[in-house]
Amino acid sequence: MFTMKVNDDISLKLLEQEDAKALFDLVDESRDYLREWLPWVDSMKQVADYEPIIEMWLKKFSEHDGYQAGILYKGKLAGMVGFHSVDWSNRKTTIGYWLAESYQGHGIMTAAVRALIDQAFTEYKLNRVEIYCGVGNEKSRAIPERLDLKQEGIIRDAEYLYDHYHDCALYRVLAREW
Amino acid sequence: MFTMKVNDDISLKLLEQEDAKALFDLVDESRDYLREWLPWVDSMKQVADYEPIIEMWLKKFSEHDGYQAGILYKGKLAGMVGFHSVDWSNRKTTIGYWLAESYQGHGIMTAAVRALIDQAFTEYKLNRVEIYCGVGNEKSRAIPERLDLKQEGIIRDAEYLYDHYHDCALYRVLAREW
Amino acid sequence: MFTMKVNDDISLKLLEQEDAKALFDLVDESRDYLREWLPWVDSMKQVADYEPIIEMWLKKFSEHDGYQAGILYKGKLAGMVGFHSVDWSNRKTTIGYWLAESYQGHGIMTAAVRALIDQAFTEYKLNRVEIYCGVGNEKSRAIPERLDLKQEGIIRDAEYLYDHYHDCALYRVLAREW
Amino acid sequence: MFTMKVNDDISLKLLEQEDAKALFDLVDESRDYLREWLPWVDSMKQVADYEPIIEMWLKKFSEHDGYQAGILYKGKLAGMVGFHSVDWSNRKTTIGYWLAESYQGHGIMTAAVRALIDQAFTEYKLNRVEIYCGVGNEKSRAIPERLDLKQEGIIRDAEYLYDHYHDCALYRVLAREW
Amino acid sequence: MFTMKVNDDISLKLLEQEDAKALFDLVDESRDYLREWLPWVDSMKQVADYEPIIEMWLKKFSEHDGYQAGILYKGKLAGMVGFHSVDWSNRKTTIGYWLAESYQGHGIMTAAVRALIDQAFTEYKLNRVEIYCGVGNEKSRAIPERLDLKQEGIIRDAEYLYDHYHDCALYRVLAREW
Amino acid sequence: MFTMKVNDDISLKLLEQEDAKALFDLVDESRDYLREWLPWVDSMKQVADYEPIIEMWLKKFSEHDGYQAGILYKGKLAGMVGFHSVDWSNRKTTIGYWLAESYQGHGIMTAAVRALIDQAFTEYKLNRVEIYCGVGNEKSRAIPERLDLKQEGIIRDAEYLYDHYHDCALYRVLAREW
């Protein structure tokens, strides 16, 4: 398996078809918790629903257009993190992430996102990284705030979630600010 | 030809292959003026360079993913306006536009963008429309300001322009605000 | 919406996904009338059946290979007209059309087809336009005859209609004849 | 090699990449003769120009949409014959053909076209076969006339040939007439 | 239909959509016999299951990457033979085949495979032809042995057959050995 | 970057576009050495020649059909190793590899190939792994021999190398043998 080491406990794994079951199980255990902020939870009803998505994620990676990785904490799948896509003309990208409830509180996501920002500026030579967080999603907002990203504004009705729109805070960091 | 009427002087035309020459000529006459804010001007060196782009614009239209239209002022091509793409899950889109120098000062773009916002909310039932303007591009910023869009923030280094990044102001309007 | 004006009452609209319902309703009301000459009526059983077809029509338009437009009469969808495809090597095309029963008798189709022939020769610089009409379809044949197209022959068993073949009259007009 | 036997001297061969050279040579020897009625002769300048075309012909065959075959006369490539495409909804097709100058006068094409018409009605269960011939192309018109096809009309400006349009006679035969 | 003549009784036919029914029937009559060595027999449950496969076989032929042909014995479909694909860089290919039970014992397959090897070396100018046979499949192994191919080794667990792996003998012949 | 750790000195990296230059340089320094056994060396003339190939390798990975990885030795690119493709029906695959001259003699490839065989059986649950080595390529053959793979035969003229064919030894290991 191909991973990016974050620290002794945490690594990021490019998800392959073999991971579909673990991914399904992780989401399935945290449905109520995850669906509060993730719009796709309800539509993933069986292991096979992850197969075309895993292929699509890898295809984006193959096209040099971001990737989605599983977060392994002490070897167990705990959540996901990735670059949604890459705007090479303007050398910027957006990071998204989620963590299952039982893995909260270990600093996992802060470390993972820091590693992605490092990678964006060092390996991919990008200039700007963005993160969108639901305004009321305190756990999510804590990540860019801990990493000292700047908040650039509140994006009204940025996302639709099952039956309502919600606002997002937009955070950014530039290569020269990191 | 297929057009959307804006007012007696202005209409929007879905550009077809037959328009490649007029588009090339319009940009070619205003190269210095347009390249100040548009990144693609230098790469369009001959009429044929517009052919794959026109096909790509129409293909996006055919996939229900925005469109790019020529702005006809008294029957002459004066600039372009369109929806870059449409995020149907979150029912939002972004409007982009440019106008040749010789057509400035007639309120053309304000009327055209107003028509697109109307269309976005009425015809496409979207919920949110965004416009990004270079911070120092006063003519561009005047459009959303005249139409009373809200500025949500300044997006640092939002675009790369030949040899430098520049910041953009992000404006938005929601269906319930229009 | 993008339209081509024919006269004060009539315009042609490039059909988009938003039009699927109106198109379904129009055909659904005239099923018995339309299926006499149109082979596809029975297979269109619900609104969603029009979605892939609308995308395919727009895709042909994006490839510069003809288009299918809705006919709006006083703002209401009344039928369709379009260029089936375009033979650019030989600069010729074929026009097809149908009108719902309740819109017959207003000269709608004659005006619409005249507009398409104008467009074929003026905008697209084609040399030849063809129309095929069922030999016994008097309403259909009246259109090219009123517009003074020449009949070139009777095409035996030109089309299969549910359970039988029928003959078509082939009409044509050349640019220099128009 | 895969062939369809016509008689002891004549067979039809599905052209494969190995045939590109023989095809180029045959056309190259008869350029002046063939270009009088065939629009593509001038654009075929080297053996490699036939490779994408042979693949495209075979691809149409693989999609059950007609084929193009080489005519072998006493084992030598003499010309081509084929079904341009097949309209399965209406169960009709069109036959096209050409023969190099030096193979004229042996009844080759009449036998080959008869075999294709047989195949269309017997093997493919089609209902109608068409042949278009340049009005002034007597050798070409002799084929459907010898085979007793009916002429349905003169198609004005049916084809563009380098610098002018020319008319075609349209011949047809139905399954029940054969 | 396009065939390659093997001898007076045997010819090879490029299978087209019209052959789906005959192919289904042949396999259906010999299910028990064929499934002993062929992994795909159980999954072919109706005539329509052969349609995408016939298209895929012809598509490979169109891409110059081998073909699958029906074996006609006295005009009846008796089995299949073909080149699985072609490695043009190394100029080698693999032959596969099967024969229905009722056609065994006439030397059909030996003649057919001999014709393919001839074709591989003469028409396609290949350098090496391989045949894999189940170690315990005596009828299959008799073909390369009768044709004097060399056995290069036993390939362990080469194929999976419903519920077990089985070994294959690998035979080869080079152009200079034929 | 995504890697698979082999031991403290060695890891395998999924090559991305950023690696094109390092890959070009590594091959460029060892052209004479590498071209003795690799057919593609001469055709790689500039960095950009690796870009479509890296995308194709990643695309195969995204389709769950093997991968090609760079071998990092003490952080430097030293060669490549990978699964050419995967036959999921029969659960088998083939490993290929090469190492630049200056990295020979450290046991790098033995360790890397051992890791891939582990991965094939443990992670991908395959049943059989094959390795082909040029008969005279002693360094290459030492790998499967050290890892105790069984030699199943000599494949005559298995590969074409610029101007001659050469024979390969075929090695295999089954899951139950590892």
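Every chain is named by a letter (A, B, C, D, E and F) in the order it is written, and numbering of its residues begins at 1.
Following the convention adopted for this analysis, contacts are C-beta pairs under 8 Å (C-beta built on N, C-alpha and C of every residue); 3 or more make two chains touch, one makes a residue touch a chain.
Chain labels with UniProt names: A, B, C, D, E, F = GNAT family protein.
Just so you know, these numbers come straight off a predicted model, no measurement behind them.
By residue number, more than half of the contact pairs of A-B reappear in one of the listed pairs C-D, B-C or A-F, namely C-D.
With centres defined as mean CA coordinates, chain F is found 50 Å away from chain B.
Note on chain placement: the centre of chain D and the centre of chain E lie 32 Å apart, centres being C-alpha means.
Among the residues of chain B, none is found touching two or more other chains.
Each chain touches the next in a closed loop, which from chain B via chain C reads B, C, D, E, F, A. Those residues of chain C lying in contact with chain D across their complex are 39, 89-92, 127-128, 150, 152-160, 165, 170, 172, 174.
For chain A in complex with chain F, the residues that touch the partner chain are 1-5, 12-14, 16-18, 55, 58-59, 61-64, 69, 119, 123-124.
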